[in-house]
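Report on the structure given below.
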Amino acid sequence: MPNARADSRLPDQLRPLTLEANIAPHASGSVLIGFGQTRVICAATVEPRVPSWMRQQGVTGGWLTAEYSMLPYSTLDRKPRDITKGKIDGRTVEIQRLIGRSLRAVLDLGKLGENTLWIDCDVLQADGGTRTAAITGAYLAARLAIQQLLAGGRITENPLTDSVAAVSVGLFQGEALLDLNYVEDKDAEVDANVVMTGRGQFVEVQSSGEESTFSHEQLQTLIALARRGLAELAARQAEFLARHVG
Amino acid sequence: MPNARADSRLPDQLRPLTLEANIAPHASGSVLIGFGQTRVICAATVEPRVPSWMRQQGVTGGWLTAEYSMLPYSTLDRKPRDITKGKIDGRTVEIQRLIGRSLRAVLDLGKLGENTLWIDCDVLQADGGTRTAAITGAYLAARLAIQQLLAGGRITENPLTDSVAAVSVGLFQGEALLDLNYVEDKDAEVDANVVMTGRGQFVEVQSSGEESTFSHEQLQTLIALARRGLAELAARQAEFLARHVG
Amino acid sequence: MPNARADSRLPDQLRPLTLEANIAPHASGSVLIGFGQTRVICAATVEPRVPSWMRQQGVTGGWLTAEYSMLPYSTLDRKPRDITKGKIDGRTVEIQRLIGRSLRAVLDLGKLGENTLWIDCDVLQADGGTRTAAITGAYLAARLAIQQLLAGGRITENPLTDSVAAVSVGLFQGEALLDLNYVEDKDAEVDANVVMTGRGQFVEVQSSGEESTFSHEQLQTLIALARRGLAELAARQAEFLARHVG
Amino acid sequence: MPNARADSRLPDQLRPLTLEANIAPHASGSVLIGFGQTRVICAATVEPRVPSWMRQQGVTGGWLTAEYSMLPYSTLDRKPRDITKGKIDGRTVEIQRLIGRSLRAVLDLGKLGENTLWIDCDVLQADGGTRTAAITGAYLAARLAIQQLLAGGRITENPLTDSVAAVSVGLFQGEALLDLNYVEDKDAEVDANVVMTGRGQFVEVQSSGEESTFSHEQLQTLIALARRGLAELAARQAEFLARHVG
Amino acid sequence: MPNARADSRLPDQLRPLTLEANIAPHASGSVLIGFGQTRVICAATVEPRVPSWMRQQGVTGGWLTAEYSMLPYSTLDRKPRDITKGKIDGRTVEIQRLIGRSLRAVLDLGKLGENTLWIDCDVLQADGGTRTAAITGAYLAARLAIQQLLAGGRITENPLTDSVAAVSVGLFQGEALLDLNYVEDKDAEVDANVVMTGRGQFVEVQSSGEESTFSHEQLQTLIALARRGLAELAARQAEFLARHVG
Amino acid sequence: MPNARADSRLPDQLRPLTLEANIAPHASGSVLIGFGQTRVICAATVEPRVPSWMRQQGVTGGWLTAEYSMLPYSTLDRKPRDITKGKIDGRTVEIQRLIGRSLRAVLDLGKLGENTLWIDCDVLQADGGTRTAAITGAYLAARLAIQQLLAGGRITENPLTDSVAAVSVGLFQGEALLDLNYVEDKDAEVDANVVMTGRGQFVEVQSSGEESTFSHEQLQTLIALARRGLAELAARQAEFLARHVG
């Protein structure tokens, strides 16, 4: 019999997903996403300009840049701001690069016009899975921002080619668990983050045995579990957008 | 007849005040405060330690530090993060120092124990008056955090000696206006921020005619207008705390 | 009977004012100003160029920027240079912004041409009131620099619309004192800096009860005391300029 | 018939592996590793001290930290040094974190004593796969350094529990290729880096479709191809160590 | 016949030397030194503490650290402050290291007690030779500070073993000139700075043909010329100290 | 009888010189130079562009910039990277400025075209004399890079007007020694670095008695010793280039 999870979930059960649109009205699109107690403000802002390296290299179309940050009160022990420490830590850099790649994989930059879509993900409360919640919410914020661009006639075609969502899976005391919370994540032997589109194509698969290793069979199990969770997240994203974009 | 304000307020009328407790559950105390469309996350976090300069200089008691930041999507044009620019801008420094002084004026540091109370104010939506909303909300967050310290037996006496709130006033097209929104603030000839305790004592009076000057009489008018607004804010703070602290 | 001040001044008496023109001959205008033992090098330099943000935003006219620094040997305990610590401290930022706003309030930027007037204030000896001495001396340095621009035919009209000076006042052991020295400033219950033009218009009023609060009546007393001191400083500035500009 | 690779390799063929021991004699162990034209200096240095966070948190045993850098002349267009730009770029951060996790996965920190094993990987010539060459060489440098610790009696037992190596695989024009060089890597549709131990356990699997996506079947194909390459690299590592450690 | 120098000096003639003691009264010792129009504030401050590396390495005695800076208004075109540019430029680093070595060469650190002697040299007006003026003045400031330490009983013996001064020499249009001003320095083919003690021992000889080269004979000529100027500077230092230290 | 040197060299004997061409094939020219155990990677890279200050000031021709760094494993105790400490240390700044000046002294920038020649010197193993080895090797790397420019028709004439090399000399226990290794350098009473061209013209002479002083006669002895070593190095450079450039 499997070990009970601390929050009584089944091994293959997602945490409750909550979504609140328009949390930051000055953004072009925004969402407050909750994966259980993990809550992330995801905002998409359109800047009518592209990075200078694109202009210099003659690359046409638009760009998407993502930034991620944990608000200082998002953790149980206050986390100093990056600017106080004077540098972005390595984990943050990894996460914002991952968010950026994940969104660009479903974005036809050529159809974005000469715009930069800024994706900002600020963690309001951290309980594991902040990067996967961020990607899942960032897609929704981006979709809302695109809708505003379409409505305003600034672009004529939706440049998003698919939806995208992410979830974590891990081996915890030998058992494969879906959507790890902080306690599970901290002690997991293996930890994987999987990013997948609504049509079931992978964008990123990152599996790591931090101080440990894992077998080929374990990897297969984890990926299969993630795919099931991601199908459910994609369905929930579609429902949300049906209500807010139509 | 006075000019109508863009949002139809009377010259001496505050914007609608909104308060949502516990917006950031991992903080010791937190509030989402709204002065009309200006919305600021105010969080108070207790760190069981004091700055090293206090230990080195043999100063006993606790400390309070405040940090202020505008989230990148709080403004209509996206505002780059401090860490991206690599430094805190001058305005931010001024504001976080003001928030810190304002809170310390009503805090008996000797009764705080060897704790640091971190005050974090992150602007979610900016429409003028972010520093005054931040101070008004930060007091409430601090009070909630103190309640948690008292409930947990970590301190035995409330170190807050009074409440504190802040409001802006200004001369706009020659007329004294209370609680300026962004458009009014941007074009005001004179701009003042007044910080006052619940008992009506001043903590700070800062009046500036940026590219302009003002008379002694105009200063008197502005201060009187601010005092009326601050009395109302103090009453609203008291109501909120009656519900949440009892 | 009032408490005697350590330097035997009356409560409403300024410290001896000393002024030495042309302390830094490579500047366009310069003054070494002394408020008693506080001595500040104030220099104004003209750069025939405006900041890039002005050009980008199509703003015409000139600009004025102020920088303030304490030389390492200006204090009894050596003060490390900003560059050694790698950042400007918050107090310095506040002061240089205050100096800049104070000077711009009496400067018609449109008449300055496409020039930037750099104001540099470096404290040679610190004994309280360095920011008020800096503003008072910076006006004189600016006036000398303007004279040089006029003499050289680079501008045709004096863009300074009035003189400007500043003084501190404070409550020390319950008594209102003018022009605080370091010992008085350190222990003052309330501390105010007032910036006023030669014609008696306010530019800035900043009153703060750092760890304390103050009443409306106390504020009135302090402002009245500051106005008297500022009238005297304006007269002394006029005398100095009569000798050096004519 | 498969497309010929530019360097005439078969799709599942590694580039020539070259290994030169003791390239940096002041390090405890060092190797110059070549994956074809990609050449990386890998050095392991022992510092008889652990990071302060370990001492503060009471964690016993040793630590391993990895740093990665591209020498400015390693690329065809000169790459500015990090210190010139003032910050480490995101890609470098990701790579040095990956190298660190990969080595720690086969290192029993408890058996390392109170030592920090510094792993430095400096790319002398870059032609794709610098991170995989770095991990593969870093293991060898670490093993040589451990040998020196054992020989000097500073530790009594080899803390390395297995060997570790890494290789890249990718889909290039629809075909799965092993050990991509720069040209292949730049244009690959999907790119994966796989880190595996000598016993065939995974340490990391990172698969990314940067501007693209990939199917479950494609992922399986890539992982299988990587495993074959990694088995060969593990054998070559063992031969090298047989000569140099015995 | 030699070319006339712009300021009518003979080739082997120093510029007028001016010395004003106690320019910065809060320092332990200070001097405003002038080499013609080059004027440098030199201050020596005693800090009753040594750098942490000395305590960690168990080095006894005191230390001397020198810092050099050009005030922004010291040059005809305003020179931005180091803190504005965010870094110290290479020339400044070289000069402050040179000043430090020069002073330490005549300082018996063992007799300084556990004190750090901070030497600060801030250029008020720059017209060539700022580093040589700085060294020459810094010695005097240090001597005055030592006198204060001796008078206060904080040390019992003068740790200065000799005086030290510096001068520049150069080849300008083929002619060897002493004590170059800015115009001469800028166009000199070869430029040397020589630091010598009162007893005629060298501390530093730095000769550089920036974009050019020089012969052995030219070097000999320059060194001989510098020695003559340095003998004169040493005499003038002795006179100054006879008046101020006795 | 002179003291034996630790490595049995005669006082006027250079360490074994080793030269390996093309150590970094992506550079335009590169050399691994060894002065005994001191080994430095010297690379020259051509960038078809000049610094922006040249374009702004209308200076024609090319430029040469040098950077110097010690690899972390080049010293017996690991040396942290500059980027980790966040700044370049003073010694590094001095050295890279010296390398740059030395190379520019034999480079006719007008004949370089609108190119920047980047000189990178990275110390692989440090045993004293890294800056002199760097200069000596950098000249060879530059010459190889120039040859590539000539061969590719990017310039039509060799802009190098002479060769350049450098060597250290010092007084160690009263004896003048050539080409100091680390142990000798660390304890030398006087230390000089001399940079000379192949035709025997000086480029730089830097002699310093760090915590000490030296006489005119000692300086003469050191310079004479350096000249002898430099003549030998120039001959060895010519031999190397005869083989590699022809």
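Note that the chains take the letters A, B, C, D, E and F in the order they are written out, and that residue 1 is the start of every chain.
One rule holds for everything that comes next: a contact is a pair of C-beta atoms (placed from the backbone, for glycine too) under 8 Å apart; a residue touches a chain by one contact, two chains touch by 3 or more.
Please read these numbers as outputs of a predicted model, since none were measured by experiment.
Enquirer: Going chain by chain, each one touching the next, work out the least steps from chain A to chain C.
Expert: Minimal hop count between chain A and chain C: 2.
Enquirer: What is the shortest path, in steps, from chain B to chain E when you may only step between chains that touch?
Expert: Counted as steps through touching chains, the separation is 2.
Enquirer: Under the document's definition of touching, what chains do chain C and chain D have as common neighbours?
Expert: Of all the chains present, none is in contact with both chain C and chain D.
Enquirer: Angle of the rotation mapping chain A onto its copy chain E, from a C-alpha fit, rounded to a multiple of 5 degrees, please.
Expert: Rounded to 5 degrees, the superposing rotation is 180 degrees.
Enquirer: Count the residue numbers both chain B and chain C use at their shared interface, divide by all numbers used there, and answer same if that is over half, different if under half.
Expert: same
Enquirer: Matching residue numbers in more than half of the contact pairs is the bar here; say which of A-B, E-F or D-F clears it relative to B-C.
Expert: E-F
Enquirer: Please compute the C-alpha centroid of chain C, do the same for chain F, then give the distance between them in whole Å.
Expert: From the centre of chain C to the centre of chain F is 51 Å.
Enquirer: Find the geometric centre of each of chain A and chain D from their Cα atoms only, then give the gap between the two centres in Å, rounded to an integer.
Expert: 28
Enquirer: In whole angstrom, how far does the Cα centroid of chain B sit from the Cα centroid of chain F?
Expert: Taking the mean C-alpha position of each chain, the two centres sit 59 Å apart.
Enquirer: If I count partner chains per residue in chain A, which residues reach a count of at least 2?
Expert: If we look for residues of chain A contacting two or more partner chains, we find 86-87.
Enquirer: Taking touching chains as linked, do they make an open path (line), a single closed cycle (ring), a hub with spokes (star), an all-linked set (complete), or other?
Expert: If you draw each chain as a dot and join those that touch, you get a single closed ring.
Enquirer: Let me make sure I follow the ring: beginning at chain B and going to chain C first, which chains come in turn?
Expert: Loop order (chain B start, chain C next): B, C, E, F, D, A.
Enquirer: Going by the contact rule set out above, which residues of chain D touch chain A in the complex?
Expert: 87, 90-91, 93-94, 96-97, 101, 104-106, 109, 162, 197, 200-216, 219, 223, 227
Enquirer: Under the definition above, what is the set of chain F residues touching chain D in their complex?
Expert: Per the touch definition, chain F meets chain D at residues 23-27, 30, 37, 41, 43, 45, 47, 67, 69, 71-78, 81-84, 87-88, 118, 120, 122, 124-126.
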